[in-house]
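Just so it is clear, A, B, C and D label the chains in written order, and each chain counts residues from 1 on its own.
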Amino acid sequence: MAGLAGAASSGGDTFPKILLHNADVFGTRTAFREKDFGIWQSWTWSEVLNEIRTFSLGLADLGLQKGDKVAIVGSNRPRLYWSMVAVQALGGVPVPVYADSVAEEMAYVLGHAEVRFAVVEDQEQVDKLLSMKEQVTSLEQVVYDEARGLRSYDHTCLHSFETVQQLGRKNLEAKPDLAEAWSEGFSGQTGADVAVMLYTSGTTGRPKGVMLSFDNLVISARNGNAFDNLDQTEEVLAYLPMAWIGDHVFSLAQAFTAGYCVNCPESMDTIDVDRLEIAPTYFFAPPRVFENMLTAIMVKMEDAGKLKRKMFDFFMGVARRAGEKILNGEQVPLSDRLLYGLGEFFVYGPLKNRMGLTRLKVGYTAGEAIGPEIFRFYRSLGLNLKQLYGQTEASVYITLQPDGEIFGDTVGKPAPDVELKIADSGEVMYRSPGVFVGYFKNDEATRSTKTEDGWVHTGDAGIIAENGHLKIIDRAKDVGKLADGSLFAPKYIENKLKFFPNIKEVVAFGDGRDMVGVFINIDLTSVGSWAERNNVNYASYQELAAHPDVYKMIEGHVDQVNRDLSGEPMMAGAQVRRFLVLHKELDADDGELTRTQKVRRSFIAERYAPLIEALYDGSKGKHIKTEVTFEDGRIGSIEATVEIRDMPLYEAASGMEEAAE
Amino acid sequence: MFYREAGQFKTSYEKDQALFPIRQDKIGLGVILLIAFVVIPLTANDFFLASIMIPFLVFSLAAIGLNVLTGFCGQLSLGTGAFMGVGAYAAYKLTTIFPDVNVILLVLTSGIFSAIVGAIFGLPSLRIKGLYLAVTTLAAQFFLEWCFIRIGWLYNYNASGAIEIPTREMLGVVISGAEATPLARYFVVLSITVVIAFLISNVLRGRIGRSWMMIRDMDIAAELMGIRPLQTKLMAFAVSSYICGVAGAMMVFFWLNAAEPSSYSITLSFQILFMVILGGLGSVGGAFMGAAFIWILPIVLRAIPSMLGVDIGAETVEHLAFMVIGALIIFFLIVEPHGFARLWQIAKQKLRVWPFPY
Amino acid sequence: MLYDIFVDPFVQMYQMPDFFLQVLWEGFVAGILYALIALGFVLIFKASGVFNFAQGIMVVFAGLTLVGLHENGVPAFLALILTIGVMGVLAYGIERVVMRPLVNQPDIILLMATIGLTYFLIGFGELIFGGEPKRMITEELGLPTGSTAFEFGERGLVILQHIDIAAAVIAILMVTALGIFFNKTRIGRALRAVADDHQAALSVGISLNQIWAIVWFAAGLVALATGIMWGARSDVSFALEIIAFKALPVLILGGFTSIPGAIIGGLIIGFGEKIAELYWGGLVGGGIESWFAYIIALIFLLFRPQGLFGEKIIERV
Amino acid sequence: MNAYVGAEKLPVAGDPEREELLRVDNVSLSFGGVKAITDISFDILKGEIRAIIGPNGAGKTSMLNVINGFYHPQEGTITWQGKVRRKMKPYEAASQGIARTFQNVALFKGMTTLDNIMSGRSLKMHKNFFWQLLWRGPAEREEIEHRRKVEDIIDFLEIQAIRKTPVGRLPYGLQKRVELGRALAMEPDLLLLDEPMAGMNLEEKEDMSRFIIDVNQEFGTTIALIEHDMGVVMDLSDRVVVLDYGKKIADGPPEEVQASQAVIDAYLGVSH
């Protein structure tokens, strides 16, 4: 493995070893910060070593053994990150779990992983774990970070983070050579040992536990650091779920290998302010975050004064024309360069400042396709935003966009050390040092995903373009054919529609049918502000969604997409024939979305079967009643008559001309 | 726009509670101080120093003093002029009694007398609120003014009834009296004003400042939370009067050289009150802005006709200036009752969130 | 010393009763005039909660307009009517330009606005009429001049100026007229409704703006009367503005909203200050008139913060 | 894993273990002849949540005002921590450990959330004027020491996002929460809450109830509260005293009080 030589030359091959190294080399540099009690509480690397060591020793005292699984549940907090390394130092395996998953989901994961210990954030999580002690019989000890409300609980098996650390500290005082012994304990670990188990949320079936070794993570992280020249001076904001591979790599693996600082926000309410304060130099977000930021910008600008809006529009025009070229180092007329400089002062700079991206060195978006308009918007401001394509099974990195080779519709070239190929079925496959060890207690799945010689099925259909960049079309299994044989890639259509800010979510149907029909979810922020400006009155989401003016607007968007599709030879056959606007927002609480906010197609097909039926039987509308879960957990139902509209189609050849008119 | 705050995060309460937590503000303040201490002395002529800057600083300090009482503690006072007078007469008597003591020290000491007098006239504030309290401070104004006229001892029984400031030196430089250069006086006034403004800002952000604001915002709640109303109000009266007293002493020592009782009349009280209101109640920075407006505007107004080459009698100009000032005061009260400080706050907020409206 | 303070003045009063009576009369007249100014304050405060600092300058302004018009050849009575018209325009202007945009602002802001108004009127008045004192056109208006001396006791003499008698009579007439206006007329009742409850007033269909214009006009008329009376005693000059401050202690005594309070307060201050000045003032060098009224008010406030006729305030949380 | 001892409350009424914190004996209060409170006696035990309920105008707020020294009763005595107290100023009550919130939020409108809660620490801060002038050194250290305590409260009440917002701009529900924070900052022995949930929606009420219970359990603070929402009162309180027209008509555990005929009559408005 080529990349390993340079990257792994220092620091060690497991996180506990890297920790020792960092405490030594970066001792006084800040390693973690957390906005807590109003200020950014900070820890240097040597302090972090100390914290992790005492906690680790405390866990050992509580009886944590090599090979034990430890659940980590909660939002991004330094202590939870430390817990993972503390567990690893004892030879245990941390299992981060999505903190907002419902008890049932969590119980399955914890039971499957056979966790013995759990380190959790607060009372809410403790309650959740206590409620599932029947399902999770292996669970013995629970450690919590936040003591609030837990005073009166029985503490025989429940410990606060501090008391565990005190335990460790006491032992350390009693036996001063314990520190030495602790380091000794993990010096024998190798890169091949399992470092962490991450459960993939999976759009279908039960979650699977992906076992990643230290090598997987450490080498991938070092390659990533080298690729973007990341070093100990970076600042990142850890705000994505800890159970997600993205966060694990960015906020732990890369942070440890590069030695940079991880900042945990105060709460999800304050994230915008926290990002503004920290101004991360390396930022990672799914497209959704960028979309929301852009929507917020546009909505706010709508409320700005006329002059300001004019100025904004003018300079955004300049940015569209010249911004990306300047970022890519291309030739730009002097006048545009000057205007861009002016725009930087008046608009781009302040805009980046408000988003907290002033210091951004490189930003990534991944997880889903990002709208080309959105992508271009950020890049035209001079932000080095790039796309990457990755998976839990690959320790994130499969392909990356190198600096200067940014194309909106592709996800980049293979990352360092990654081999890529397209299977005969059209499915993308890869082989890399980051390839996972296997699925925990699920050899069958492991075998069907990972070939004997180490190639992994991504499950995505894609093509490699002439310039060597990978282009993803859809999930391999979702790509289907219409009854007339034309290619139907639902995600492709959905994404095209979702790139309109007014549309939040789309579900396309058509496999095996004679035409394409779609469900559309409007974006409440965007459409709501549109309604306000246009004096459209509405009392509820449902009313807004069914409003004729809204329908008209959406119809325009669908028409635009059909035109676009007609221009692409492979996709022209699958234009949208009929659509409807859903009366309720798709929601993870109702099981319609995954916890990472991806559409659960089959579930929706089942739940809204009558609507699908109506899409294809030519009716103009359909009455439907749907069960919903309210925020407080109550179950209720809403009903509505949903209108269905027909759309004209464009011919594949003439579509181009019409579009050009 | 100029406020690019991304990346300014606080890792300690010390920094979070700083007077100017935003870096750009710190830079701005630095620039202002640089101009005040270096650029103006190097470039300005005597007229500018003696007729604009020195009075402006003196009034700023007095406005800060009144602001402590009215803006922060919510107690309306119309006796500022008299409290300034107490400072002036006290300082004058002190130089007579202790001719060898540094005059700056005496000016600073004179404030203590003013503080005592202020606290005495603040006593009724325990029972009296709002406009009624204003009347009691008017009592102080007229009573003290009368004292300045009738008690000859205060002005050393001069035939003129005025106090005249003797020449005093510090470090070999004449800083008071007719021979003192405007530059020397400017430096003294500037230093005292800046230091007191800084010190009082410290008080205002701490426990004591908070207790004043508690009384101002909701006196009943404050009392139920353990604030002793009388002590707290008296302290505000004393501190406010101290600052006004020092300003009053500076007024005669470093600006006018001589003063009559009428220098500290009710007109002065109103002038200072205007500075506070237009500058913004409850803002130290606003006091400077208010003082600049009220002091400098008439000078500019008087200068306009001659600049335009229009030949109008000096008296007419004076009358017109009065009208314009009166009208502008009403105009600003209507536009922004919370004063320039609020206007600046709004502008600053706009700059911070630029290009967004909020 | 103690003798000078506690005994001697009373001995004097007894020994020279004519002088004492003269002092009382002086006090009475001063009191009436203070009361008239205070009345102007009360009218406006009652209806709009504005502490009108400009009342003093309005007195001067009214007086100057009257005299100024006459100087320019306008017959006295026509000048009087025109002046009333000017005060009406002024009241309307103030309501439109100053009060209406500042509605619902805190007391202190409104107070400041009236001080701003004072500056404006001083500048405006001086611009038109010049800064020199003018003689009031007392005779031209048909007001009495001269004086009558009453013999008192064996060798005593009390002198009553006719204009003072006229002032007293006019003041009494004015108060009576205002009393009738407030109690018997529709607008008067509306004014009282506004004073009691703005919301209620609105709900019975009275325009607040109208009412404010009317009270400012009424205050303007009172100012005109005060200006004539006071001008007849001394001269019409901007120095008169200072007497506005005298109205403050009067208000404190009488309460900010009570018309009888203003009268009684004015008299107390008038009597008190003259007696104190003439019998005790000499002990401390004289001139105590300038602050004596305030000290009375201050002492009074400490015991009765709500004034003579104000209602007791019960604080609630 | 062992079951935890739940948030069940220990019975308080008549519990000899519990010390008496405050006792009101035969208190009567009138304003200019109008009787607001007539001959009322009750006690508050350490660590309990005591509710004072009654129809509008029953004298509940007056009762609180008497307890914290804002009104002085014409008759009767108040025994605070074993000492009978005479006429007492409100700030003395505060310094002896009685804090309260108000029916109509009485926050310091010109200050931020943080400063409002800091103001609750006033009694515990002592650095004199001259240290304050200097700021650096003792005054700053003291300020920070108390800031930490205040940040604990902000964290406890989950109001981090509004820390530096002027309270005037906050919605009503949050203002009430800030006010509770301000009272908590005084670390009182007795916390008086005057209609802590007035004007709140269901969700806000639930939050507030949780905070009240948490305050009582986490800090052991004794709480006396006035509340209209009977459901809330029954859930929260250990004992309830019912007033009507300034007189006490019932006193006891919630269930008992709820069943009392006098109480039912009072709430239904049966004439006397």
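Just so it is clear, a contact is a pair of C-beta atoms (placed from the backbone, for glycine too) under 8 Å apart; a residue touches a chain by one contact, two chains touch by 3 or more.
Going by UniProt, the chains are A = Long-chain acyl-CoA synthetase; B = Amino acid/amide ABC transporter membrane protein 2 (HAAT family); C = Amino acid/amide ABC transporter membrane protein 1 (HAAT family); D = Amino acid/amide ABC transporter ATP-binding protein 1 (HAAT family).
Note that the structure is a prediction, hence the values are computed from the model and not measured.
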Does B-C or A-B have more contacting C-beta pairs?
B-C
Farthest from subunit C in C-alpha centre terms, which chain would that be?
A
Rounded to the nearest Å, the gap separating the Cα centres of subunit B and subunit C is 33
Determine the centre-to-centre distance between subunit A and subunit B, using the mean Cα coordinates as centres, and give it in whole Å.
57
Rounded Å distance between subunit A and subunit D, as computed from the means of their C-alpha atoms
46
When centres are defined as mean Cα positions, the distance from subunit A to subunit C in whole Å is 77
Can you list the residues of subunit D that touch 2 or more other chains?
70, 102, 106, 147-148
Name the residues of subunit C that each touch 2 or more other chains.
317
Could you check subunit A for residues that touch two or more other chains and list them?
38
Can you tell me which positions in subunit D touch subunit B when the two form their complex?
68, 70, 89-91, 93-95, 99-100, 102, 106-111, 115, 118-120, 122-123, 125, 127, 129, 132-135, 139-140, 142-144, 147-148, 182, 186
Counting only contacts in the complex, subunit A reaches subunit B at residues 33, 38-42, 276-279, 297, 300-301, 303-305, 308, 311-312, 345-347, 349-359
In the complex, go through subunit B and note every residue touching subunit A.
1, 3-13, 15-16, 353-358
Counting only contacts in the complex, subunit D reaches subunit A at residues 1-7, 114, 147-148, 151-152, 154-156, 158, 160-161, 163, 203, 214, 217-218
Using the touch definition up top, name the residues of subunit B that touch subunit C in the complex.
70, 76, 124, 127-132, 134-136, 138-139, 142-143, 145-146, 149-151, 220-221, 224, 266, 270, 273-274, 277, 281, 315-316, 318-330, 333-334, 337
